[in-house]
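A single structure is presented below for examination.
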Amino acid sequence: MSEPKAKVSIVGASGYTGGEVLRLLLNHPNVEIGQVTSESNVGNYVHSVHPNLRKVAPLQFVSATVLEPADVLFLALPHGEAQKRIEKYSTLAKVIIDLSADFRLRDPKLYAKYYEEEHTLPAWLEKFVYGLPEISREALKGAKYASGVGCNATASILSLLPLVKAGLVDTSKPITVDLKVGSSEGGASASAASHHPERSGAIRTFAAVGHRHEAEALQALGLKEVYLSITSVEMVRGVMATAQVFTQPGIEEKTLWKAYRACYGSEPFVRIVHEKTGIHRHPEPKWLAGTNFADVGWEAQPETGRIVSLAAIDNLGKGAAGSAVQCMNIMLGFEESAGLTFAGLHP
Amino acid sequence: MSEPKAKVSIVGASGYTGGEVLRLLLNHPNVEIGQVTSESNVGNYVHSVHPNLRKVAPLQFVSATVLEPADVLFLALPHGEAQKRIEKYSTLAKVIIDLSADFRLRDPKLYAKYYEEEHTLPAWLEKFVYGLPEISREALKGAKYASGVGCNATASILSLLPLVKAGLVDTSKPITVDLKVGSSEGGASASAASHHPERSGAIRTFAAVGHRHEAEALQALGLKEVYLSITSVEMVRGVMATAQVFTQPGIEEKTLWKAYRACYGSEPFVRIVHEKTGIHRHPEPKWLAGTNFADVGWEAQPETGRIVSLAAIDNLGKGAAGSAVQCMNIMLGFEESAGLTFAGLHP
Amino acid sequence: MSEPKAKVSIVGASGYTGGEVLRLLLNHPNVEIGQVTSESNVGNYVHSVHPNLRKVAPLQFVSATVLEPADVLFLALPHGEAQKRIEKYSTLAKVIIDLSADFRLRDPKLYAKYYEEEHTLPAWLEKFVYGLPEISREALKGAKYASGVGCNATASILSLLPLVKAGLVDTSKPITVDLKVGSSEGGASASAASHHPERSGAIRTFAAVGHRHEAEALQALGLKEVYLSITSVEMVRGVMATAQVFTQPGIEEKTLWKAYRACYGSEPFVRIVHEKTGIHRHPEPKWLAGTNFADVGWEAQPETGRIVSLAAIDNLGKGAAGSAVQCMNIMLGFEESAGLTFAGLHP
Amino acid sequence: MSEPKAKVSIVGASGYTGGEVLRLLLNHPNVEIGQVTSESNVGNYVHSVHPNLRKVAPLQFVSATVLEPADVLFLALPHGEAQKRIEKYSTLAKVIIDLSADFRLRDPKLYAKYYEEEHTLPAWLEKFVYGLPEISREALKGAKYASGVGCNATASILSLLPLVKAGLVDTSKPITVDLKVGSSEGGASASAASHHPERSGAIRTFAAVGHRHEAEALQALGLKEVYLSITSVEMVRGVMATAQVFTQPGIEEKTLWKAYRACYGSEPFVRIVHEKTGIHRHPEPKWLAGTNFADVGWEAQPETGRIVSLAAIDNLGKGAAGSAVQCMNIMLGFEESAGLTFAGLHP
């Protein structure tokens, strides 16, 4: 006899992140969908917003005001909304995963610096585990609350983590991460900036300094300084992180292989891509759309000690919904890869 | 001593069509720019809207309410607006070229059928010459008023014209034109449909039946039936027309060559592209961005009499601003290609 | 105790079609992978060619010369190769699905006309079932041999089938299908035509007349005439068919709904997309990448009897590997949708 | 009476760079085209390779073996070829502009380090002026020989030059430049890497360390260290440089404005793009295709002293053919902007 399935509802399922959580959960062996909410789409079928789900999920959106108890709640709301309602939602479900930025940081000061306002529920910050399994797997086991992750933070963290953990980083030199990102990072609402004739083919500097996800990278890596620059490129899904790090001159390939393997060798969703030949030598977000994989790699310059560390993800996958489902699997004791087996497409 | 330049103003210069007229006129040897209007950008430099014109044109938008007399007025307003103001504008300039759809059709009934409302100034329809030089060159000489052209109409007309003129079309069989179009056809305003994550990579049926430009094709070609279907594809500028026409079985290549050359051999902006080898055998809109060229070609199936006739243009070039400037050149007796010498880019 | 799994090998697994079959089978509950062959990649891991399969499938390519017996063989070879080896392969496996064009047509004359050479094994043609389940489901049950399908044929057939079956087509008027296709149709080998600076953003007439897939459409639909024109657009995966069909004037929406529902109402992988509002009113290949869905729809013009019938597929999915796996499921009595549950991505 | 025109020939005119030089010169008021060479296209019209030049330039390619004397020779040959033939070419023309990398560096040791072989004609290195007018204008006046520029070098140099010249750079911290580049950088020959299904939508790390253009940036900026990383993105033409530089904390906007204006205020082809609002706040290569413009800008973080300096160019324009024609204009005393007035397209 099979295990009873966990009933999972999604608050804010008409956006791209919420829709991706829904897509993943529909194929999840241990889950049944409870409710999916969207205030502007009440009564509409989910396929009216997410055309991929036509015939796959004959669900209708409901208002969050009629939300019923569930085993797990995913919150996929705009910034600031989860803070307002978390206390109410905590009465409806024991396990909550909030994909917004509201509960990612532990330190209210760091929050205030990057979000330019005080957190309204600082006491709740410590209740949440940061939802990147590669950082927080142990803390997630049995946890009740997990945050989501910032997509740019995820790519930055995963590119730098092996070097930081191995103590290879010369922190006297600035660590910079140049991120190339797709248009789905901006969400589902149209704007002048997302208008196709303007956005198509654009290489647009989106946040050269001061991007909020920097805060997560600082927290996760335990660094005092790390500098992110974000550039939008022609792509819908995907983040490519190109990190510039310095270590001691003379660094050897085998040292780097060891560091990356130590960090990721047993991770189910991180792959080391570091080949000598062919066109697939380095990580590329193109092959990751729809998956929960993060591909990482590097190129080193022994004479100067410079390491260019690379990470590619799908911003809606490993950078949002994928990691969130992976967290749920860990929190509830499911198979960690349940619902996350899509391999990605080629070409 | 050089000729005095014509003073030209553009009403509605913040849209894509008006901006393209401005770009062309800035390089025109016989023209000086008078005023450029935009109600929502009064006082702003044109480069705030059209980044390509930074440093090139230190002009500021004014309101159309302060429009001064000029030698030529280009109107690049939304559908219906020119009808409302043409009488006033005719007091400000002797020569007016209206790029909207308001004065393209001669027959008020055809207008009413396709635009689903009565024309408010039917008496003005006959004052305008249809602004496609390949159709109306003689009538344009010395004319005061010219309409613009519909981009999809232009591609459809130019693909079919040689066959119609040569009497090669079997009109007992339906003539269909499948048009693949870029996103700039939709204009400069953002919408859910133009949101990059949705529109990027889309192949979206935009108007399978009943597109308004069909009316222009009927008028220009003198046909009783011609059927357009419009599909938006991943492209910003460009229209590709694939027309299906039937003639008598046994049709020979030399007959077709003769028909196309008779029609376009002396046209400065229509090129016959019909090669036997290579990757540039047929017309392609990709190579026409920014130009006033229309490339036409065909492939025939002698055993069935089927001819697939092809035409490619830039919807903002030959399909709008380019033809309009070409019309002005003819109307004012300038060199017909003045201001229109950009060859297009490869790759 | 679970069912023993069928052992399935893929001949020609380094191409796009073979790679897609492999991706699908790796997630198939009733299948285990036997061998995957590629003459030019012997000894290499499949992820050296298909980067999406890194860590997912630690398989190495072998030569087809060492092919061992299996329960099922998928052949994904260039045109003409399957004819040469089918007799040998038939000694290795009871069930063979050949994705090439070699065994799609029943009539050697039709083959000779479209392929411009005689079929070398005409006696084998009748042993194969045409591998489009929507056409051949009953014949596939228990069959030993199935062909694959042409991607452009599939989209054409599925767009026209409901109208043909319902007897709605006025065959005195030509039926044309305009197909917009992605670059993966051309296969995995680089050429001048596929060079990114030339191909990116192209709208390139690829086969205006005489495309070989026309033969399959004629055979499947039982028509005497149907005319395909193929245009390559900016897309990697996808086919969009825009068919022009004429029926009696006065045709009603409910008649059309009835025809499409009668044809596809119980099909697991065909969805009717025909909405009155929103941006997802019609089928779009964008949402189908990686899936086995075909989305169909239409727009009708009652006053003329014209119907524009639409079908969208992934050329590597429903147009190749997806249909082939669906065939295998039917032939072997598996759940028809086994291995084919990926819903596609949005956005 | 008009000035006699300079006769200009192009060696290697079938590639992208040579084709772009040809396109520019066809519109140049002081130039007439002599010969255009291509060994693999002898006798073919230039439009067989460059479809944009159909009807614009009825020229046929000749072999370089029949090259005749001319006033100016542009060499657009693969790396290493110009070294072999420069002595011969110097007998045919007094003025030579070599767009390859052969004569860009003054120091044979720097050449040997980055090109991993000895220069075969080191004595010729000092005869050439580095062909970036923003660096070498005075030296170009009356010079006989100018090199071309590396496209990635150009974007890197122009992004950093104002800060270096103003003495604002803290050279104790590494200066890195992350470059996003289009596919035309790879030239006109197809390869597995340029195959559309693989390259389309790719974000591919092309040269994380050790790119050859680094040498030019070191030479032009007089720095001991500058680190380039190159990533190919979905774009055909364009380079976007995102440079990370550190200066003293407390840096003020007015200091930066002063530095950029001092450097570029009188440059005809460099525009400062640094706006507070709108979607065109920063430089973007999209708007520069076909132009000779370089757009530069920055974003600063006063609390840390970090400056992200930005430069966008068309790699075939300012990064190759555009700068080369600008050099010719300076060398021959023409109007500096002659032939370079195309403003670029929007959208």
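Which chain is which? They are A, B, C and D, in the order written, and residues in each are numbered from 1.
Just so it is clear, a contact is a pair of C-beta atoms (placed from the backbone, for glycine too) under 8 Å apart; a residue touches a chain by one contact, two chains touch by 3 or more.
Only a predicted model underlies this, so the values are computations on that prediction, with no experimental measurement involved.
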{"item": "Chain at maximum distance from chain B, centres defined as averaged CA atoms", "value": "A"}
{"item": "Interface residue overlap between copies chain A and chain B, same or different (over half shared)", "value": "same"}
{"item": "CA centroid of chain A to CA centroid of chain D, Å", "value": "38"}
{"item": "Geometric centre distance via CA averages, chain D-chain C, whole Å", "value": "46"}
{"item": "Geometric centre distance via CA averages, chain D-chain B, whole Å", "value": "35"}
{"item": "Contacts with two or more other chains, residues of chain C listed in rising order", "value": "16, 184, 188, 192, 197, 201, 234, 236, 284, 347"}
{"item": "Residue numbers on chain D that touch chain C, as the complex places them", "value": "16, 182-184, 186, 188-192, 194-197, 199-201, 234, 236"}
{"item": "In the complex, chain C residues that touch chain B", "value": "173-174, 176, 178, 180, 192-193, 197-198, 201-205, 208-210, 225, 227, 229, 231, 233-235, 238, 240, 242, 244, 246, 279, 281-286, 297-301, 304, 306, 308, 310, 312, 347"}
{"item": "Residues on chain A engaged by chain C in the complex (per definition of touch)", "value": "16, 19, 23, 26-27, 47-48, 50-56, 184, 188, 236-237, 271, 273, 275, 278, 280, 284, 287, 289-291, 293, 295, 341-347"}
